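In the two assemblies presented below, chain A is common to both, partnered first by chain B and then by chain C.
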Partner chain A sequence: MTSLRRSIRPEQIRELILILVIVALLLFFGTQISDYFGARTFTRISTSIAILAVVAVGETLVFLTRNYDLSVGSIVGFTAFFVGTQLQFYHGIPPLAAVLMAVGIGAMMGAFNGLLVAYGRVPAIIVTLGTMAIYRSALVEYPGNKIVQISALPAWVQDFSSANVLEVGTFELRLIVAIALAVVIIAQLMLMYLPYGRRLYAIGSNPEAARVAGFPSQRIVFIAFILSGALAGLAGFMFLGRFGNLTVVAAMGTELQAVAAVVVGGTSTLGGSGTALGSLLGATLIGVLDQSLRRWPLISEFWRDAMLGILILLAVAGDRAIVDRLRTIWARSELQLGAANSALPQEDNIHGS
Partner chain B sequence: MALNPSPADAPAASRGIVKRLLAWFKTWEGLLLGILIVVLIVNSSAVPAYLSPGNQVNLFILYIEKIIIALMMTFIIINGEIDLSVASLMGLAAGTMARLFEAGVPSGVAVVAALGLGLLCGAFNGFWVAYIGLPSLVVTLAGLITYRGLTWVLIEDRSISTLPAWLNDLGQKPLVGSLPLALILFFGLAVLAYIVLQFSGFGRYVYAIGINSDVARYSGVNVRRVKMTLFIASGFVASLAGLLYAARLGAVRSSTAEGFELDIITMVLLGGVSIFGGSGTLRGVLLSILIILNLRNGMGLAYLSANVQTGVIGLLLILSVLIPNLAGSARAALARRREARIAEAD
Partner chain C sequence: MTTPILELRHISKRFDMTQALDDVSLSLYPGEIHALVGENGAGKSTLIKVVTGVYQPDRGEIVLNGRPVHVRNSQDAQALGIAAIHQEPMVFPDLNVAENIFISHRDRGAIVRWRQMYEDAAAILAKLDVKMDVRVPARGLTLAAQQTVEIAKAISLDVRVLIMDEPTASLSAHEVSQLFRLVATLRDQGVAVLFIGHRLEEVLSIADRVTVLRDGKLISSRPRAEVTIEQVIRDMVGRRVEEFFAKSAVERGELLMSVRGLTKERVFSDISFDVYRGEVLGFAGLVGSRRTDVGLALFGVEPADSGRILLEGREVQIRSSQQALQLGIAYVTEDRRQYGLSMPLSIAANITLPTLSRYLGALGLVRTNAENTDAEEFRQRLSIRADSVRVEVARLSGGNQQKVVLSKWLNTRPQLLILDEPTRGIDVRTKAEVHHMISELTAQGLGIILISSDLPEIMAMSDRILVMREGRMMGLFSRNEATQESIMTAAMGRENTVAERQR
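Presenting the complex of A and B:
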């Protein structure tokens, strides 16, 4: 029993529960919707998760530092719109340049947030509530056709949404899904192994201690916001590629979905705990619900938002009720263990996340 | 907040009334008054009849629902919490009332049911915050999504414009003189809020909890009950404002009042209320309400679109916290330098 406790942490149990919930949901909707288990459903759900997952990973980094980024929806919308308008007028822009432009603009917008939060010491909720409005209003006022149409975009953008990297039988792994998976994996590795990733946890779990320990807290928070903005920019490009036709309300409300994915994925709203993988699972749960409710004939699809809100509350409350208790049990058993063989160095205790 | 000492903190009365007035002008509220005067001068030089009572009443009517909620939000933020769900609750209350009335329920019952739902949703928020101890930001964000989602379930993508006739009249016609019901309600609520916050025991508890809720609890303040009361009141006021808004517009949609929380929170924070709780006054909030109303109106006169106006409000929100912060650091740096100089002289 003790060895089991030492090899599995409460966070992993939470991720396991989430996977079980997703599987249960899939099985349930399988009985409700005809032709549910098939390549088409897989493509539909996986592509709808991709954009959200990329935004959610950026949001996770910010959440880890005990901050929030509510401006990501406006950043996704603005970059999609800006890059789309450019491509509409200059078909010659190479794909890589278009992607870099989106990421760069997103990073700049994120840097503005980060500057105000980290160096201006303005609470993140204020800054990003403000920039959410500012970036959106920049998008609406952006001179241009006020609309991006897929027919006016270069051919490679039009093909982007249906491009595959892998085909197994009728199952297709879309390019935007592959991009999202790559982002999640890179972010997860960074969080686990890079000093910067570990510092994000340190700052979130105890900002004062991190400061005393000599971490450049301000710079770490600043960079987290830049990364969140850059990923939102990348998501903006994916948004353009997936939908093609954009209006000024593009990606409105994405920030709420991203926060939902992050919180459902087990990242603490008080910072210091959470994973990119968890956020992917959170995004998956939201995507499965979202896409399945559209096709479930029994209740109106207008229930989607209400369910999303309830899901967030359940996740946070469940966290408080179950995981905190588990963590206490774990910590107690670790303590007993530590007392028993205090001579041994306790490498496992340092995981902390 | 560093820039927010009350006039009483200014140097002693012996310095004379002029100096005291000057000292007050250096506070946040003085700054707000200065900004307000500048905005008024600019606006009235552009439009001659700007300061006429008719225009000023109109100004209030255009934003009356938001400023009614801002009164309640002041309590919540001073208490160290936040309520992001108010705009969604406005929509939900208006939607419930419209839907019930449409289904043939007597208008009075529909209105009472909508207000009751507001109380209930406020209590729901308050339960998670006060008794379970979840952060209000997350709880009310979930509320924002849920209540708006329920409004979508109720109304879907329609627009309901068959509202009770008496409600439309209350919302659109003046009740006393040139003042409609909403404006009279606002003045009544403002006086009530001022008395409760600045002069009652409950008001002191709100500040005490905002400054340090642990200390307040150990001093015998029933922190849970105060927080619960505030969230229930916030839910009620939001649903009341939602009904007023529906009555004024004469129609309800699923997106009714969407995004209003930004303006409301800006009004409170610009008024000098600290986002960390524990400090701020209703006087400051009333001044900032006047500034925002007149600024929006002025921008409208200058043909700036509603969208640009929202962007400017967003900028104002950030600046209202950034400027005091920067001023605080500058003052601290000056003080340090002065101390260093004194130490050198010794």
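Presenting the complex of A and C:
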């Protein structure tokens, strides 16, 4: 039982359930929407997931430390708008510089959040709620055109959104989807194998213990916010590439989607547990629902926001009802293990109850 | 003993009005267990925080290996080979045992090698003679096991000075003996151990040297062989303590509560006992014996599945704590911070919380005057040390907080009072006051169930002692039959000692 408990954790069961739900949804919508299983649907859904997944991965890092970043939507919007405006004025900006500009601005905005949260000790929910409004206003007040138009952008931006890295038959793996997958994989490896990643878990798991453990927890939280901002900046660039035409409400509400993806993906709202892969699954579920509901005539488009709310509530409530119950069962099996060992008094209280 | 590894020289530290430490000098030697004792507020915690870099001393210096050092934060302390283990283990519940051991290491490369880490963790635990699965998350471990993880972590960091701040406060006697074995192993490996504890017998059983602090001053520092427990207590309180504690004899009154075959599936089974007025029924057992769960069942928080409860001969069903309160049952919790008190509220507000309906005036508003009058009565009766009942509970010491919890439940005018570890983590003087209070309450005709891990306490305070082990009743001893040995053996599950079993 110990080995079973070790090899399958309740969290992994949750990821499995998530995959099953996604498959079930795809099958369901396949019966409802004509021409659902096709290359077009795949491209549409995968590109919409890509942007969300990148933001959600950054949000995951912050969530692990028992913090929140509600400003990501505004960062995505601001970087997309800012870089778009610059590109409209200066067609000569090289693509790499544009990407770096987006990532750098995002990182700076994240750093401001992180500074206040980690060193200023202001609760993250307050800080990022404030900066969500501030960054959005900065976008609105940004001097220049109040609109970015795809026709005024350099040609490579338009090519960027439809560039493929892989084509199998009519199925296309878009460049931005590949970027998102790379981000997820790199983040997942970082969380598993880098001391920095492990310490993110440690901080969220027990902030007080992290303070006395002798590693720089303030800096680790600070960097988590920078990374979240930087990834939101990258997502901002992807957003510009995908849509091209932007107004001041660009990417509004992305923070809600990101939080939903993270929470649905199994990251604890109390920090300390969660994975980048889980958040990708969460983003996938949201992307599938979002894109499919647009084409499903039975449901009004305005229900899509409510759907996000319902998903968040379901995920958290499901955690309480199912995953916690599983944890109890797991713990119980451990208890029985302890009882079986009671003939050996040296061992019975080393294993927990 | 050759040269000290860590010397504190003339350390002083002041907070606003209180001189927390006043010219304290202390030497720790390698291979020595140095016990630090004193009442709450004596300055033990401040001293630890100075050594571990949480506080900077106002005056004085810290000398490590003959070299003055500055400890500015816990990272510095760790780099200098100083580690602290606290009452509540500082583990990361979501990380597994091996990760917890190595999380602070900086010399393990840029990439986490899991397999290597598991092997190293297992090797360290083996060196400590501990069997533990290094891959399970720390969340499921007992407090004792979590402390073991912390000790393993300290060892992996090559600590030379290990500070243990009341590590036994939440452990059962059996776990304490295991911990002490570990500490002795560390001492034999040349570690200097500074051990802080409240249970004196326990502390003295392991210490090589005993230092007493009182009101921020160093009172005495002597080798263990030269001190007696009475001397230490005298040094701590500054006056002779005639009676540590003992319940005064109260004549057993009429039958108050009978419990028969109380069972909660997978938690406890077939628990039967009687409680009489004027009696203290002690619940003894190791951690995991499920004593608290029986208490929670009687208070209706986690109701039992089956079994009968008779209150004054009438069969009752207790399905919620409101019901229990109406029946005159009150439960003083083990964990005051989590369940017992609302820290930002005043003493008065805390005391009247469960009985607020009594204080409502016209329009359903709370009559603060009545509230304050009642609270003031308790403040005097239990000598709660606070300027007024309007003071926030958060600003009281642990012992005084415990008195507020007690007042709160006494204000419900219970007939049966369940006390769950009422003196855990509070100083000797307050402890004696709580014991005196228990005595007084029984004289008033209350029946008391006392759950405690402190064996001498339970032996001194109880008229009868019920011993549990893993949810089962192992025996019921009357006061004169009970010895520490007989209770311990029952609690650890040897068959032959099951004495006078009821029913």
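As a convention for this text, the second predicted complex is superposed on the first by the 325 of 353 C-alpha atoms of A that agree within 3 Å, B and C clash if a C-alpha of one lies under 4 Å from a C-alpha of the other, contacts with A are read in each partner's own complex, and residues count from 1 in each chain.
Rule of thumb we're sticking to: a residue touches a chain if its C-beta (ideal position, glycine included) is under 8 Å from a C-beta of that chain, and two chains touch if they have at least 3 such contacts.
Model, not experiment: these values are computed from the prediction.
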item: Touched partner set for A:E167, first chain B, second chain C, both or neither; value: neither
item: Which superposed partner A:R199 touches (first chain B, second chain C, both, neither); value: second
item: Contacts of A:D159 with chain B and chain C, given as first, second, both or neither; value: neither
item: Partner chain in contact with A:E208 - chain B first, chain C second, else both or neither; value: second
item: Partner chain C, residues of chain A touching it in the complex; value: 2, 5-6, 192-195, 197-199, 201-202, 204-206, 208-216, 268, 272-273, 330-332, 334-335, 338-339, 342, 345-347, 349-353
item: Residues of chain B defined as touching chain A within the complex; value: 82, 128, 132-135, 137-139, 141-150, 152-153, 156, 262, 265, 269, 275-276, 305, 307-308, 310-311, 313-315, 317-318, 321-322, 325-326, 329
item: Chain A-facing residues of chain C, complex; value: 52, 74-75, 77-79, 84, 86, 90-95, 99, 103-104, 106, 108, 110-112, 130-133, 135-136, 140-142, 144-145, 148, 172, 174-175, 178, 266, 286-288, 470, 492-493
item: Residue ranges of chain A in contact with chain B within the complex; value: 68, 116, 120-123, 125-127, 129-134, 136-138, 140-141, 256, 259-260, 263, 269-270, 300, 302-310, 312-313, 316-317, 320
